[in-house]
């Protein structure tokens, strides 16, 4: 079955991203397909490569990047929500005249239409948030 | 009310319900939910909005945000008709619990193309049990 | 079409769980995750909410979230099934729609 | 930060030319922005720009292009409410270019 995952909160403050990660792993283990993981609201903050959590804590962003590499996941950060919160890729940074970008490997920035498409194309959409 | 008939879900389209349960301004969910609805309107799906719990506060009249330095996005709900989003279900019990009546809500209307562009109300007041039936009739529920 | 409802809020902090139960139809499933699992414990002020719907709703709690919060399965209200993440995945697959009560 | 120059005053804009302070908009400024876009403002251009400003004033959003076209069709007629007419006036797109001249926020273009 094809699952779409929606994550509405950033890492560390809420459990949402951790729950979504565990769910996604379990779904993949059961042989399901993950159509897309969409990051919205503060969820876009999961896509920064600049976080430096203590070594004895899980690194949420790395977890997603690695899972994406292993399973060819499509991790999409909403552009409108990302612009508000300062998550930028190279072309967005350039367009906005900012001096740096911070998107993590495995993530891409795209439009909200990608969320609607996830709803249309997936058999199930599961949301995690606050 | 015959929910199934009202939400046909023609071939190739899905029934999307956007559930609004949170008040505006205190958190960004209401605003960013509205942004999803506006973008989603371009996809020609069968779209409905549900307002219950604190979500009913999103569409009350007389919002004035000058003093808090935030954008007043309540007028944007009145543009939903232009985007062909015409089904806004508001729960009667949620209004009553908050001391509100339908008169406290903004006038949100749409022009019915099939009826010589007659202006019709988009807000439909439903009971809690009708709201549960509306939720049960969807293909995708996005709750913000 | 039965819905899978997920609730992640403590019933003592927010009215989300109550609202979920008020909007769930007989035959729907409710899965408690994250802080939502506090609603699954016996002898709390929220136990009455569960008792009122135990039987006409299928009730579940995520084991990993119970364990993380020091709630032993012994103290989970009878009628609530404890599932792991794989069980969560199955519940999503078995129900036509998921509604997250965020 | 780049800025438009107008009778000795400057109005800052972003990398793509959208003004940063929406209250700084005036018809004079619109002409300056239009010039920058290589557009000479005619009555027809003003009609669309004013329509956008009115729409924004009422609903707090710039309409999506298809909504803009539908609304213009309704208020100004079929010969104006179509893609061809609007793109002839604003070659880089009515949403982007006309919004810029109208001093509205950049459409987020989420689709």
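Note that the chains are named A, B, C and D in the order they appear, and that numbering of residues resets to 1 at the start of each chain.
The definition used in the following text is that contacts are C-beta pairs under 8 Å (C-beta built on N, C-alpha and C of every residue); 3 or more make two chains touch, one makes a residue touch a chain.
None of the values given here were measured: they were computed from a predicted structure.
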{"item": "Chains contacting each of subunit A and subunit D, listed by label", "value": "B"}
{"item": "Interface with more contacting C-beta pairs, comparing B-C to A-C", "value": "A-C"}
{"item": "Centroid spacing, where centroids are CA-atom means, of subunit C and subunit D in whole angstrom", "value": "51"}
{"item": "Averaged-CA centre spacing for the pair subunit B and subunit A, given as whole angstrom", "value": "27"}
{"item": "Whole-Å gap between the CA centroids of subunit A and subunit C", "value": "26"}
{"item": "In subunit B, residues with contacts to at least two other chains", "value": "35, 39, 42, 139-141, 143-144"}
{"item": "Subunit C residues counted as touching two or more neighbouring chains", "value": "97-98, 100, 102"}
{"item": "Set of subunit D residues in contact with two or more other chains", "value": "108, 110-111"}
{"item": "Chain-chain contacts as defined at top", "value": "A-B, A-C, A-D, B-C, B-D"}
{"item": "Touch list for subunit B against partner subunit A, complex", "value": "14, 16, 28-29, 32, 35-36, 39-40, 42-43, 45, 139-144"}
{"item": "Footprint of subunit B on subunit C - complex, ascending", "value": "1-3, 15, 19, 22-25, 96-102"}
{"item": "Touch list for subunit D against partner subunit B, complex", "value": "55, 58-61, 63-64, 66-67, 70-71, 74, 108, 110-111"}
{"item": "Subunit C contact footprint on subunit A (complex, rising order)", "value": "1, 3, 8, 15-16, 19, 22-23, 25-27, 29-30, 32, 123-130"}
{"item": "Sites on subunit D touched by subunit A in the complex", "value": "1, 14-16, 108-111"}
